[in-house]
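Can you keep this structure in mind? I'll have questions shortly.
By written order: A, B, C and D. Residues from 1 in each chain.
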Amino acid sequence: MIDKIVSSIADALADVCDGATVMIGGFGGAGMPNELIDGLIAQGAGELTIVANNAGNAEFGLAALLKAGMVRKVICSFPRQADSYVFDALYRAGKIELELVPQGNLSERIRAAGAGIGGFFTKVGFGTDLAKGKEVREINGEMYVLEAPIHADYALIKAEQGDRWGNLTYRMAARNFGPVMAMAAKTTIASVHEIVLLGQLDPEAVVTPGIFVQRVVKIARSATVASGYKAA
Amino acid sequence: MSYVKLTRDQLAARIAKDIHDGAYVNLGIGMPTLVANHLPAGREIILQSENGILGMGPAPTSDAEDFDLINAGKQPVTLLRGGSYFHSADSFAMMRAGHLDIAVLGAFQVAANGDLANWHTGGKDDIPAVGGAMDLAVGAKQTWVMMEHLTRSGESKLVERCTYPLTGVGCVSRIYTDLAVIDVTAQGFKLVECVAGLSLAELNSLSNVSIAP
Amino acid sequence: MIDKIVSSIADALADVCDGATVMIGGFGGAGMPNELIDGLIAQGAGELTIVANNAGNAEFGLAALLKAGMVRKVICSFPRQADSYVFDALYRAGKIELELVPQGNLSERIRAAGAGIGGFFTKVGFGTDLAKGKEVREINGEMYVLEAPIHADYALIKAEQGDRWGNLTYRMAARNFGPVMAMAAKTTIASVHEIVLLGQLDPEAVVTPGIFVQRVVKIARSATVASGYKAA
Amino acid sequence: MSYVKLTRDQLAARIAKDIHDGAYVNLGIGMPTLVANHLPAGREIILQSENGILGMGPAPTSDAEDFDLINAGKQPVTLLRGGSYFHSADSFAMMRAGHLDIAVLGAFQVAANGDLANWHTGGKDDIPAVGGAMDLAVGAKQTWVMMEHLTRSGESKLVERCTYPLTGVGCVSRIYTDLAVIDVTAQGFKLVECVAGLSLAELNSLSNVSIAP
């Protein structure tokens, strides 16, 4: 019998090793798996490479992971935010490596890993510093850059509902990177607000089919908090 | 001089006036977000957000804020009837393959060849951050820039060649500033209109590059 | 106001020109837009390039389009079926061109067009006749083939529900190529069994967001018929 | 000779016995489809279909057939509780990136280096058709072949090198025939088991290539 539901965050994260590449979903606070990140901090694996859209806010979640000194490298699109001072200080001090990736290249590179693509040509980034050193090619009169897939050992994502087969739904814009990260990681760990019985999710509305998910853990629902923006 | 610069809201309204009924539009973070407040009545314009929303509506009242429903600037928004959610790769597919009619982006500099610089000043100690800017710049059918014409120190943001790191090559088709509307053509900048009281000669003397009539 | 609903199939197809590339959804009978294909036959555009999974069954739908002599070339993965005799005869007579594509390369190439990808490396097909003449490359010790996007002028797809913004849902395995074809074509025409009011589709369960759809036309519901298999 | 070939159903059952609890499996069209009828009780095995189904159940009763719910062979199936639908590119992402544990495919020939030929005889007048065969052959974690050991004319389908057009290079890990189970190793074919009464020497004499003990 398939039962991907694990009873605790600690169990879900027990086998993360030093040096692992860990994808972390979320855009702003939406879809940010803070409970899993806190679990990762408690677990203690170090020298991590983190793949995420941002690089942490204030001193919670991803920023706390950085502050704990557990991260060697961040692959992300938008590290600089109003309250990204933990990352900013580590970066300026040369204590963390940054691979900056245009956000669409980031999501497409993650999807590519999940879809068995060895690399793809994109117009995005051509002629910019972020394509420096990358192979370029003219295709039908336009210039493209070759981008590589981004694979991961783990993906930590926040979903809405899940079942024991690992099927997931999401809530509004909290979906963001969850589905593609689930495809790209060897082990995908999803926190959900509700565990439902097999068959309760509408098969037409399952967003992430269970094949892409290895572990599901229930967390208490709490309102997503504002994150990463400066009020006008 | 007898001209008055457009305010940010006037500039936003000027841009909104040019967005056609039925257009799919992405408004970049920062100033372009203001355009949403000025969409002309009677037009149905569909706003896309890079984090996976099509059909964004206005900001909610403060008691109805839900931070699972935010725009690219991480501010709470609403969803119109007919809106939908999708994941990041699907969202960027929309943005990168010409499905959006218009992207409105802020800028540090725009060059006469349409090059855009808006993501990084290139300062040694600056933390770089690009987000979806490069995707939008080259992906939309039309890329419009919304910016002040001059920097705070009075330098023109219209330039012969960008000195800041590029966001995209030859991608800008039109520029809306607080002083003028300017098209980017194969022959360089071409004036569409100036604010009242500003002559093209004056505009050219303020700009560091030639703008053709 | 946006209103993508057109009142007749004839109106929906009026501007198809000779020489157009037309994607046609469906796998077996599921998702096969037979009503739109019949409309295309009536419309009469010729010298078409058809992109589809199969190449028609018996003498209806796609097979009828072929029989009408309107198709110059078929790009598909599985033309040979128990009842594909129309295609078979045209092919043997040299009256139709065939580009045979592994099915996953087909769907990925279609998606690539819809996602702005200029080309991608895939392991599928390497070392086979279907990769002959294509660029190959070793990536991380494995061999890959470079595949190009497939763009189209039109996509004809069959969906379940649609609204005036062009949002679509599908029915069971009739989804198949619909969503990716909708992304890849300049003009996507979807037949639906039900037109609903804006807001009636659950925003979490919209499968094809309206931005990918230009025209929606209502058709009567009829049971999907068996197609393309030989009973054991 | 004192051995009896496995029937198709016996062969299907033999394969099913090796599919582990919790496995994600794609059964190719034709003979491999029979494996679904023999999945061992007490194991939860999830069947994927290339046309966009995860969690396929058994064939419906004839009055409940719905041809919007068919397998890759276009035969009506059902959906288990917990199943889901998705589009073609998502389906092939599953198939092509190692998410499936096992693909079971038919074959014309399998070579000692794991090359598979199962899509085209190469005959001049044959209509070629590949479907998802190439995707499955190279995409699953393990590719198993299910076939009769010999052609109708008595030739071995195990070969030193495929003479038919290839489906995939070095992709087969295990072969189940009506005579034997054979692993493909770096050293070539290696016997796992023969049907009762058939010796390895006899099997080798039937096959056109050496099978190691």
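Note that in this section contacts are C-beta pairs under 8 Å (C-beta built on N, C-alpha and C of every residue); 3 or more make two chains touch, one makes a residue touch a chain.
Remember, predicted model here, so these are calculated numbers, not experimental data.
Colleague: Of the chain pairs B-C and A-B, which one is connected by the greater count of C-beta contacts?
Modeller: Of B-C and A-B, it is A-B that has more C-beta pairs in contact.
Colleague: Averaging only over C-alpha atoms, locate the centres of subunit B and subunit D and give their separation in whole Å.
Modeller: Chain centres of subunit B and subunit D, defined by C-alpha means, are spaced 54 Å apart.
Colleague: Please work out the Cα centroid separation of subunit A and subunit D, and write it as a whole number of Å.
Modeller: 35
Colleague: Using the average of all C-alpha atoms in each chain as its centre, how far is it in Å between subunit A and subunit B?
Modeller: Taking the mean C-alpha position of each chain, the two centres sit 28 Å apart.
Colleague: Could you tell me which residues belong to subunit C and also touch two or more other chains?
Modeller: Residues 108, 111, 115-116, 122-124, 170-172, 203-204, 207 of subunit C touch two or more partner chains.
Colleague: Any chance you could list the residues of subunit B touching two or more other chains?
Modeller: Residues 79, 85-86, 89, 92, 96, 139 of subunit B each touch two or more of the other chains.
Colleague: Tell me, which pairs of chains are in touch?
Modeller: Pairs satisfying the touch definition: A-B, A-C, A-D, B-C, C-D.
Colleague: Looking at the complex, which residues from subunit A come into contact with subunit C?
Modeller: Against subunit C, the touching part of subunit A is residues 108, 112, 115-124, 137, 139-140, 142, 144, 169-172, 202-205, 207.
Colleague: Looking at the complex, which residues from subunit B come into contact with subunit A?
Modeller: 49-53, 65-70, 73-76, 79, 85-89, 91-92, 95-96, 115, 120, 125-135, 138-139, 165-169
Colleague: Sort out for me which residues of subunit C touch subunit B in the complex.
Modeller: 1-2, 111, 113-116, 163-165, 167, 183, 198-199, 201, 203-204, 206, 209-212
Colleague: Quick check: in the complex, which residue numbers of subunit D touch subunit A?
Modeller: Going through subunit D, the ones touching subunit A are 21-22, 24, 44, 46, 48, 54-55, 79, 81-86, 89-90, 92-94, 96-100, 139.
Colleague: Which residues of subunit A touch subunit B in their complex?
Modeller: Against subunit B, subunit A makes touches at 27-31, 53, 77-81, 84, 87-88, 91-92, 98, 100-108, 110-111, 122-130, 143, 170-180, 207, 223-229.
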